[in-house]
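What follows is a pair of complexes built around chain A, which joins chain B in one and chain C in the other.
Moving on to the complex of A and B:
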C-alpha cells in the first residue's frame, strides 16, 4: 500500500510539472508584456524595449524560459512580477488567504453535504427530502458570483436590521485593526462568514445529491438487515454500517470537488476583495504576467493532486477491498 | 467442520430424539401483513398461526411469494415501515407486535437470531468478520463485556462453525471468504448470544450442493450448542426432509398443510404439497421419471378471488373449491390440511394426481451411439489465465489453471451433463466453446469442424448451429425489448427475411409453452420460469443442433424448475437437439442427461453414461457430490451417512500436486501412508471401469452414497 501511494505521488509530481509547463507556454504565447511599454507616449527608445525584453527573457525559446523559471521555483524563487516585485514575497500571504477559504469551505461542504444527503435518503419522499432537493438544485443552478452578490445583499439587510456590522463583506480583515487577540479573531470571523458560505453552499448542494443516492443504494442492502438482526437499532445500523459503506464512492468525488471549488474560489475572492490566489490569477492575466500565471497554476495543480492523493488514501482507509 | 469424521457428521447423530415438550418459544396467531403497492394493498400474509417449541425444527416450505419470508421478517420486526402488521407474535409469552424498535433491538440477536439467504451481501463489506461477530456480543453486553472478551468470543464462534485457523481469519474481511464460509460467519453471528430461536431464511439456496450440506451440518451444530428452536424456510422440500421435525407448507400467504415431517412426506393431503414433492428431481428414483411441475403462477395477493387460492393450478379442482377458502382442518393427529378433497387423496404418486404424460425419447437415441455424428468434440482443451502484478510494467506472477486438459464429446441428440462446484472451470469451458476461436491448447471441433480453421464467415455459419441459454433469466434478457424483438434478433443477425421471422415468433412461443399474444410484452412482465422459457425460445430461433445450457434452472424455484426440465426434455425429442448441460446439481443432471462428466479444478475426474456414474460412482468426488444431495424422504435421509467435503475448492492458481482432489478427499485420508504417496506424486489417468465409464482415481472403489 505504501509503495502504491509512493508511486502515485511520483506520478503526481510529473503531472504537476506538465500542467505548469502547459500553462506557462500558453501564457508566454498569448501574453504581450511589452505592449504596455510600447504604447507609452512618447514611445520609449528601442533599446529600452529590448532591455526589458531581455530582462523578461523574451529573447529565449519558451522551454528554456520555463526551465529557468522552474529552476528558481524549486528553490523557492518564483521570479518577479512584471512590475519587478518578487513573487515569493507575496506568495505566502496569498496562499494562506486562499487555503483558509478553501479548506474551511471544503470541510463545511463535505460535512454538511453528507449530513443533508443522508437525512434526505433516510427520509426519502418526505417533505424534508423534497425541500433539500429543491434547495440543492437552486444552489447548483446559481452561478457563484450571483450567489455571492445575493449573500452580500442579505448581509447588508441583516446589518441594517441589527444596527451594527455583524458580517463584513470586504477584505479578509479590517485594515489596521487594533485590539486584543480575541477581538482580532472575531474580526476575521466576521469577514470569513460570507465568502466561506458562498463556496460551501455549492459544495453542500453537490455532495448532498451524491450522498443521497449512495445512501439509497445502501439502504436496501442485506447487510443492513443483518446488522439489525444482530440487535442494533435501526438508527445505529444506518450510521455504523450504512453510512460507513455509503461513504466509499464519495471518496473519489471529494478530490474532484476540490478542483471545482478552486474555480469558484477565484470569483469569490474577487467578489469579496480577498487578495488570494484566485484574485492574483485575474491580476496576472490582466497585467499579462507569465510568472504570476504559472505560479498560480502550479499552486492549483498541487492542490488538485494533493487532494487526489488524499482521496486515494481515504479510499483505502474506507474500503478494505482495495487495500493492496 | 475441520477435523470431524464422516461418522460424527452422519445426519442421524445431530437430531434430537423427537420434538421436546414444554412451553413454545414462539407463538404466532392470526398474523396478517400487508403492503401498499401501485395496484392496491398486497396481502402478503393472511391469517398465519404456528408455534415453535424449544429445540424443535420447523420447516416452512413454499414457492417464492408465498409469504414465508415476510412472516419471518415480521417476527424479527424487520419489515419496512409501510408494512401493516396485525395479529399476535408472542415470544416466550411476550407480545412482539407493537414494540418500539429499541425494545425489539434488545431481543433481536440475543433471544431471536436470523440467518439470511444471500451470504455474499449479508455482511458489511468494510468491517472484518471478527469485528462483526464481536459486535453482536458487544451490542447486548450492556458495557459488561470488554472489547477483548468479545473479540475472543468471536474467534471461539468462528472455530465452532468450522472456519479453520479462526484467530487469523477473524481479521479478514468478508470479500476474502467464499459464499459457504460467509454463511458460516452469519451463523456464528446468529448463535453468538445463545438465542432461544433461530430463523434461517433459505440459508442454503444461494450455495452449491456440497456447501449446502456443510451449512446444514453447521446449523445442526448450532442447534445442539444453543438448544434453540429453529425455523428453516425453503422452497425445496428435499432440504428440510432430514432436518425438520415439523413442516408447514405455505401458499398465498396462508398455511395450507402442516404436520410432523414423516407424515407430510409420506401422506401429503393437499395437492400443492404433492406437487412440491413431485417437482424435486430425485436421485434415488430408478430410471428417468417425469417431474411434476406445478403449472401457472402463485396468485396475485392484491385481490384474491373467493375460494381456494390454489384452485387455478390444482389438478383436482371442482366447483366447490371456488366457493370458499377451505380452513386448515385436521386430517389425522397433528396433521392438518386446507383442502376440501383431502380425504380423497390416497394416491401418493404426484405424477398420477397431476396427470403428467410419460417422457418421450428422441429418435436419434434409437441408433447406437457410435453410429451418430459428433456435434462437439473437445480434445485436451486448456485455458490458463495469467496472474499479473504491477501497474507500469506488468509481470506475470502466476497462472490460473482454469481448464487443464479436458476431453469429451457429444453426439447428435445426446445430452452431456457437465457438473462440478462453482469455480471448477465449467463456465470457462463453455466460454471457450462459445468463443469459436482457437483454444490456448488442445482442439475444439463443433459439428465436425475444427474451430481453429474457421474464418469470419464460416464462424458465423457455425454460430447458427450452436446456441446458448444462460443461468440468470433476469439478466439475460434486455428489459427494454419486447419479446418479439428478443426472439427476432438472432434471426435478423443471420439475415432471415421479415415474413419468415414474423411467422417464426408465434411458433417459437408455442414451442416453449407460452402464448403467441405474449409477443408484445416486455421481459419484466414475466416470472422467472417464463423468462427462462423465452431464453430457450431465443436460443431455438435459428434451429441449432447443439444447445449449451449454463445452469439453466439453478435460479428457479423447484416447482418451476420441473416445468423447464420437462420442456427441455420434450424439445430434445421433438427437435433432435444435443445439449451440453452445465450444472452443479447432480439430481437435475440425472433427469436430463445421457452421459455425465464430473469436473474438479479444471479436470474431468469421472465421465460416463448416466446409469454407470450415478449407479456406481467410483471417484470420491462424485461420491461426495451425490451424497450431498438431499433426498425428499425423511426416514431415509436421516439414515444416510453424508460425506461432507471439508473446506473450499483450492485456488486454481496453485493446484495440489498429483491428484488435485487429495486435499479434500476422505478416501485419501483413510489410506495408509505408502498408498497416499501415489496420490501426491502421480496424477491419476482416466482409466476405464466399464463400457462407458472412466474414472481418474488411483484407488477407485464403490461406495453406497444414496
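Moving on to the complex of A and C:
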C-alpha cells in the first residue's frame, strides 16, 4: 500500500510541474506586459521599455525564464508582480482566504452530498427523492456566479426583513473591525455564510447524484441481503456494508470535484470581493502578469495533488483489494 | 461541475453498452425496431420531452424574437434610459437605452449556438481520440491518459482564461474551437475504457481476422456500438459548454463587448442587480432554464438508450435485473480506470 501511495505521489508531482510549466509558457506567449507601458502618453523612450523588458526577463527564452522562476519558487520566492511588489508577501494571506473557503466548502459538500444521496437512494421514488433530484438538477444547471448573485439577492431581502445586517456579502471581514474576540468570530461568520453556501451547494448537488446511483447499485446486491439474513438490522447492514461499498467509486470523484471547486472558488471570490487566489488569477490575467498566473496555477496544482492523493488514500482504506 | 458528472453518467451507460450485447448485428430491420423502441421510451419520459420542446422553443425564439421586436441589440432608445419592463420595451432598457429583450435574445442565440457546436465537436473529437487510444494501445494510449490527468491538475477553465487575452480580436468561432479543444478529454477517457472491452468482443475480432483496416473497424464496429453513450455525452457536453462559455464571458474572457452572450449580460446586469433586477433576471432565468432543459433531455436519452435503465418499470424487476450485471462491470471499469492513472 505504501508503494502504491508513493507511486501516485511521484506521478502527481511530475504532473504538477508539467501543469505549471504549461501555464507559464501559455501566459508568456499570450501576454503582452509591455503594452501598458507603451500606451502611456507621452510614450516613454525606447530605453525605458527595453529596461522594463529586461527586468521582466522578456529577452530570455521561455524555458530559461521558467527555470529561473521555478528555482525561486522552490526557495519560497515567487518573483514580483508587474508593478514590482513581491508575490510572496501577499501569497500567505491569499492562500489562507482561499483555503478557508475551499476546506469548509468541501467538507460541507461531501458530508451533506453523501447524506442526501444515501437518503434519496433508500427512499427512492418517494417525495423526498424527487424533491432532492429536482433541486440537484436546478443547482447543477445554475452557474456559480448566478447562484451567488441570487443568494446575495436573498440575503438582502433577509437583511431588510430582519432590520439588521444578518448576512454580509462584501469582503471576508469588516475592515478595521474593533471588538471582543467573540464579536470578531461572529463578524467572520456573517461574512462566511454566503460564499460558503455558494460553493457548497454545487458540490452537494453533484455528490448527491453520484452517491444516489452508487447506493442504488449496492441496495440491490446479494451481499446486503446476506448481511440482513445473518441477523444484522437493516440500518446496520446499510451503513456498515452498503455505504462503505457505495463510497468506493466516490473516492475517485473527490479529486475531480476539487478541480471544479477551484473554478467555482474563483467566481465566488470575485462575487463576494474576497481577495483570494481565484481573484488573484483574474487580476493576473487582466494585468498580463505571468508570475501571478504561474503562482496561482502552482497553487491549484498542489491543491489537486493533495486532494487526489487523499482520495487515493481513502480508496485504499475503503477498498481492501488495492492494499494487496 | 458537469465535467466529472459526464464520466459518472457515462459510466452508467458504459455498463449496459459494454456488458450486454446491444446489437452485435447490423441488420437494417433490427435497427429500425431499436430506433422505434428508443423513441417510444424517450417519449414516455415526460420531463425529457418537455426539455426537448423547451430547448427547441428557446432556440427558435432567440432567432424570431429580435425579428419581431422593433429594436436591435446595438440600437439605443434615447427617450428611455433604465426603464423597467413596459409595452414598448418588453424586458426594460439599460443605462444607455439598449433594449434588454433583444439583447437577451441575441445572447441566448450566441450561448446556445456555442453550446451546441462545442458539444458536438468535442464529443466527436473524444470519440475518435478515445477509440484510437483504446484500440491501438501503447504510446497513443499513454499520451492520451497523460493529457486527461493533466487536465485534472490544470482545469480547462484556467487554460482558457490564460489564452483569452491573446484572442480578443479573433471572434467567437475561434472561441468555440478553443472551448472544444479543452473539453474532450474526460469523454475520451470513457470512450477508451469502452473500446478496451469492445476490442475483445467476437465481432471485432472477426473483422480484424478478415483483414479490415483498423480505422474501418473503429468507424464501422466500435463507434456504432457506443452510439448511445456518444449521443448522451454530446447532450451533456452542450450543457457544460454553455456553463463554461457564460462563465468565461462573465469574467470578460469569452464573447467580447460589441457582441453579447448570456454571460456578459449577467455580468453587466449584476453590477446593479439589487436596484434594477430586470437587467440580469431575464438572462439568468433563460440560462438556468436552457441548461436545465438540455440536462433533462440528456437524462431522458440515457433512460431511453440504456437497456439496463428501467425508469417507469416496476421496482422489484429493476433490482434483480441490474444487480448482477453492475457488480460484474463495476470491477472491470475500476481496473481500467486505476490502470489508466497509475
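Structural remarks
The criterion applied here is as follows: the second predicted complex is superposed on the first by the 324 of 324 C-alpha atoms of A that agree within 3 Å, B and C clash if a C-alpha of one lies under 4 Å from a C-alpha of the other, contacts with A are read in each partner's own complex, and residues count from 1 in each chain.
Quick note on the criterion: contacts are C-beta pairs under 8 Å (C-beta built on N, C-alpha and C of every residue); 3 or more make two chains touch, one makes a residue touch a chain.
These numbers come from a predicted model, not from an experiment.
Judged by the touch definition given at the top, the superposed model places A:45 against neither chain B nor chain C. After overlaying the two complexes on the shared chain, residue contacts for A:241 are found with chain B alone; chain C is out of touch. Once chain A of one complex is fitted onto chain A of the other, the partner contacts of A:230 are limited to chain B, with no touch recorded for chain C. When both complexes are overlaid on chain A, the residue A:76 reaches neither chain B nor chain C.
In the superposition on chain A, A:31 contacts chain C only, with no contact to chain B.
Once the two complexes are laid over each other on the shared chain, residue contacts for A:7 go to chain B and to chain C alike. Residue contacts after overlaying the shared chain place A:318 against chain B, while chain C stays out of touching range. Look at A:222: by the touch rule set out above, it reaches both chain B and chain C. Set against each other, chain B and chain C differ in how many residues of chain A they touch, and the higher count belongs to C.
After overlaying the two complexes on the shared chain, residue contacts for A:150 are found with chain C alone; chain B is out of touch.
Where the contact sets of chain A with chain B and with chain C meet, they give residues 7, 221-222, 248. Interface residues of chain A, counted against chain C in their complex, comprise 7-8, 11-12, 15-16, 18-19, 22-23, 26-27, 29-32, 124-125, 137-138, 140-146, 149-150, 152-153, 156, 202, 205-206, 209-210, 213, 217, 219-222, 248-249, 252-253, 255-257, 259-260, 262-264, 266-267, 270, 281-282, 285-286, 288, 293, 296-297, 300-301, 304-305, 308, 322. Here chain B touches chain A in the complex through residues 76, 78, 101-102, 105-110, 113-114, 116, 118, 121-128, 135-136, 139-140, 173, 175, 186, 189-190, 192-193, 391-392, going by the rule given at the top. Residue ranges on chain A touching chain B, taken from their complex, read 4, 7, 221-223, 225-235, 241, 244-245, 248, 318-321. Residue ranges of chain C in contact with chain A, taken from their complex: 1-5, 7-8, 11-12, 149-150, 152-155, 157-159, 161-167, 239, 243, 246-247, 250-253, 263, 266-267, 270, 273-274, 277, 280, 284, 287-288, 291-292, 295-296, 315, 318-320, 322-323, 326-327, 330, 334, 337-338, 341-342.
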